[in-house]
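I've put the structures underneath this note.
Okay, so chain A shows up in both of these, paired with chain B first and chain C after.
Let's turn to the complex of A and B:
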């Protein structure tokens, strides 16, 4: 090939690559900067941000909203977080339902919808995630950022050769230094994600949280699924809740298991160990996360139907059942909301005089009947001082 | 969905075959396959997915590039020639010790870079020259260089196949050091002694005349210090994790490279060496970029799921009986792409069946580079015969001579697969 032809080919290739980079950069930027609208519910008395509890976080990408729903009457203080892993949408949607709908009659509820905000600003290379998903509401569609399991490398890079957890010194996968549920209890001068965890621990301590709940979803190939993982301080509540829910509300059972004492960095272990709060973690099934999944799109993310995952189940390769109905988002969000309410109910039975009374949060059957979007309010009809952005 | 994903797979296979037929090169053929599949699945060109996929192995590529730059600086400073000459001068009367240390020299570049080609290009000719003067035939010498290069690529700390498959399976690349070391060292030593044990002791003067002369001021301190710095930086991150800043492997290699640049007795043209390094790595980095794109499109279209499903529903006995053929052949066909494509579902299957995933992946990650001698790509095999100026026949002489050591290594890996739980005590490091 002549050198002139070669130069032309190189120039054309460069133009093509630059064009692709510009187009995709706009798409990445739009995703990173997209703001989700949240309407503060009737009991939201104050909306702080994470940076209010730990100054270095202030005005960074990690500075998520902290919704405080205070009844004004003394009682228990619960703290619920969604968005630990933003590739698990039932978690942030459930937390948002609480923030927009819950009415507190006694005690205090604190909610973080996007706990690891940075991880919600990136999707995972090689996995072809959609960048956004939409939830149908009674007034139109509401758009959300799809995220990753790990903090955005733009905010935390490079990873170490191996991640040594603080303070246990347990060696974990290098990328888990960006995994918000492997970096508890956090470190004041640690990595980006460790500092975010540290900030959350400050909320738990400063607000004197009694019970902490971390919403999650899991692939069906993963053994910890459809369960409440409990720190030993919360085993009675978790056991009772799983029995009651399986008996009274859910078609498919929810189990309970103990937080392993030797596995560090997870909320159900470290929050319980490093604060006075009882720590629980809820898991629902999300077929979208399975490696054997078929077409990767918003439909699978929200409907949870996949013939490939179903076939893997027929071969006994899964830890949770799946049929042609799949695991739709209504079922997953419904399980989280009902489990949180059941935990509150059992807490109240076990702690007379220090109750928390949460009303107007839809339960499992209601969410399946009405849809998740039914519980999101139209920002256009609200006063601007009730609107917040995630 | 089965039909759709099946059609996508057919489109990928046909486009790849056509691209290969027209000698586009494996990277371009793979890129076209991904594009064709993307267009079929989306009805357009999903630019965001193509670019996002290209960054899948960004960190791995950076490690690969910086490690190779480091090794090239060691070579250009005369460090490698110095080490080889010292080994010959000290041990030329002890054949087995000479072979042992030469095996060690052959293992270093690939172990640090994760690429067998790095071994062939940096130390292949030097060690090859010594082996010829030790009375080993040209064919056996080429076989030794190729197989030791393959073992070095699989050796820790950098095994690209294991890293790529582990990343796809959300599995930490931790604990692989010992199992990979055991398999690759046994494999390399068996190869060296099986093919090179017989022969005469080398005539020192003749060999030294043939080997390049390192700069006069080169010594063990100058060549050893950069390696020591690298080891100290890696170990310090583990010993003082809460005080040591996070550097990342690429920066560690760059710091070691800088040390080599400073300590080199002759002035090194770093820009020229860096340019040469990048040019020599374009095909391999290109493959990693394109593999990322292909994997993203396959995940998008369901083709990855179909392959995963096909693999995880296979009986385990069948895999034990066939992986020693499937893995090298697939490597010859697709290069690093096989690690995320076949490796990830295999890890899930074996893990679910109760086998130790670290030992399993270690064994598979040694089988794959063996396939670098096989067509259509045969990247390391071809590099070996070109670099050594080999005059024999590729298949009938070179490949045939490799067969017995290859069979030994693959049998060893199969033993690790079958007895992964019994060998789980090796997991660590």
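Let's turn to the complex of A and C:
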């Protein structure tokens, strides 16, 4: 090849590669820096951030909003978090419905929508994850960052050969040092994610939380699904809630199970062990997470329909049923909201004199009828002091 | 632990920069067009990592 021809090829390649670099860099940065809008609901009396409870977190990527909904009347204090695993959209969407809609008539509700913010700033391009998803509302579309299960490696790296959980010393998989639901109760001078958990434990202690709820979703291939996982201190509430919901509200049952005493780092175990709060974790089915899934896109994420997952079900390989209707986001968010409300109702029956009264949060049937987006307010019509960014 | 992690993280960026530099040098030096294209594709993730974008 002549040297002139070679130089032309090299120059052309350089142009193409620089173009690819600029396009991909812009796309990654747009995702990492995208801000989701939240309209603080009528009962939100204060919006703190995680750094207010643990100074080293302040103004870092982990410094998520903490919405405080205070009735002003003494009662129970509930703390609900979404976004432990940002690849589970029903969790942050349900938490957002609470923050935007709940009115407190007694007691206090604390909400975090993006508990592990860092994990919501990265997706899995290698797994074909979409970068964003949109929810239709009555006033247009609302866009969200799709996230990952683990803290962004840009914020926490390297991982150890083996992750030794603190303080149990249990050995866990290396990448789970970045898994916000394997690093409870956290460590003051620990890894990035352990410090985020530590900060959340400070909220639970300083705010004297009575009951803690962690929203999740799971693949249908995984046995812990459609359930309330309860620390032993919450077993009665979880058992009653699962019976009532299965009997009165849900088409497909929700079960309850005990938090294993020997499995460490999970919220349903450690929050109950290391604080006075009752700890519960809710799971809904998310076919998007199944290994055998087909096309991995926003439709699968939000509609929960997949012929391959359905086929796996026909072979009896799943722990939850799935048909051609799939598991749409309305059903999943509806289950989370109704389960939280039912837990509050049962708490009130068991703790007379120390009730929490949460009104205006839609239940399962309403969310299926009206859609998730119906419960999100248009930021354009709101005073700027009610608008927050996640 | 934190200090060791920071040293490893810093070294990792140095290694990434070093590999990117070697690749760039090869792209300039090589007489094989196919090699130049191949190395150009390989260099992308290194540059994105050095810039802390991905």
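Heads up, the rule we're going with is that the second predicted complex is superposed on the first by the 371 of 390 C-alpha atoms of A that agree within 3 Å, B and C clash if a C-alpha of one lies under 4 Å from a C-alpha of the other, contacts with A are read in each partner's own complex, and residues count from 1 in each chain.
As a convention for this text, contacts are C-beta pairs under 8 Å (C-beta built on N, C-alpha and C of every residue); 3 or more make two chains touch, one makes a residue touch a chain.
Treat the numbers as computed from the prediction; the structure is a model and nothing was measured.
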Which partner does A:9 contact after superposing on A: first (chain B), second (chain C), both, neither?
-> second
Is A:315 in contact with chain B, with chain C, with both, or with neither (first, second, both, neither)?
-> first
Check the residue A:154 against both partner chains and state whether it touches chain B (first), chain C (second), both, or neither.
-> second
Now for A:382: first (chain B), second (chain C), both, or neither, which partner does it touch?
-> neither
Given the touch rule stated above, what does A:20 touch, chain B (first), chain C (second), both, or neither?
-> both
Once the structures are superposed on A, label A:127 by its partner contacts, choosing first (chain B), second (chain C), both or neither.
-> first
Look at A:221 in the shared chain and tell me whether it touches chain B only, chain C only, both, or neither; answer first, second, both or neither.
-> first
Chain A residues touched - chain C or chain B, whichever exceeds = B
Quick one: classify A:28 as touching chain B (first), chain C (second), both or neither.
-> both
In the superposed arrangement, what residues of chain A touch both chain B and chain C?
-> 20-21, 24, 28, 157-158, 191
Of all residues in chain B, which touch chain A in the complex?
-> 1-2, 4-5, 41, 47-56, 58-59, 167-174, 234, 237-238, 241-242, 246-252, 292, 295-297, 299-302, 304-306, 308-309, 312-313, 340, 344-345, 348-349, 352
Contact set on chain A toward chain C in their complex | 1, 5-6, 9-10, 13-14, 16-17, 20-21, 24-25, 28-29, 154, 157-158, 189, 191
In the complex, chain A touches chain B at residues 20-21, 23-24, 27-28, 123, 125-128, 131, 149, 157-162, 164, 166-167, 169, 171-177, 187, 190-191, 221, 291-297, 306-308, 311-312, 315, 317
Per the touch rule, the chain C residues reaching chain A in their complex are 2, 5, 8-9, 12, 27-28, 31, 33, 36-37, 40-41, 43-44, 47-48, 51-54
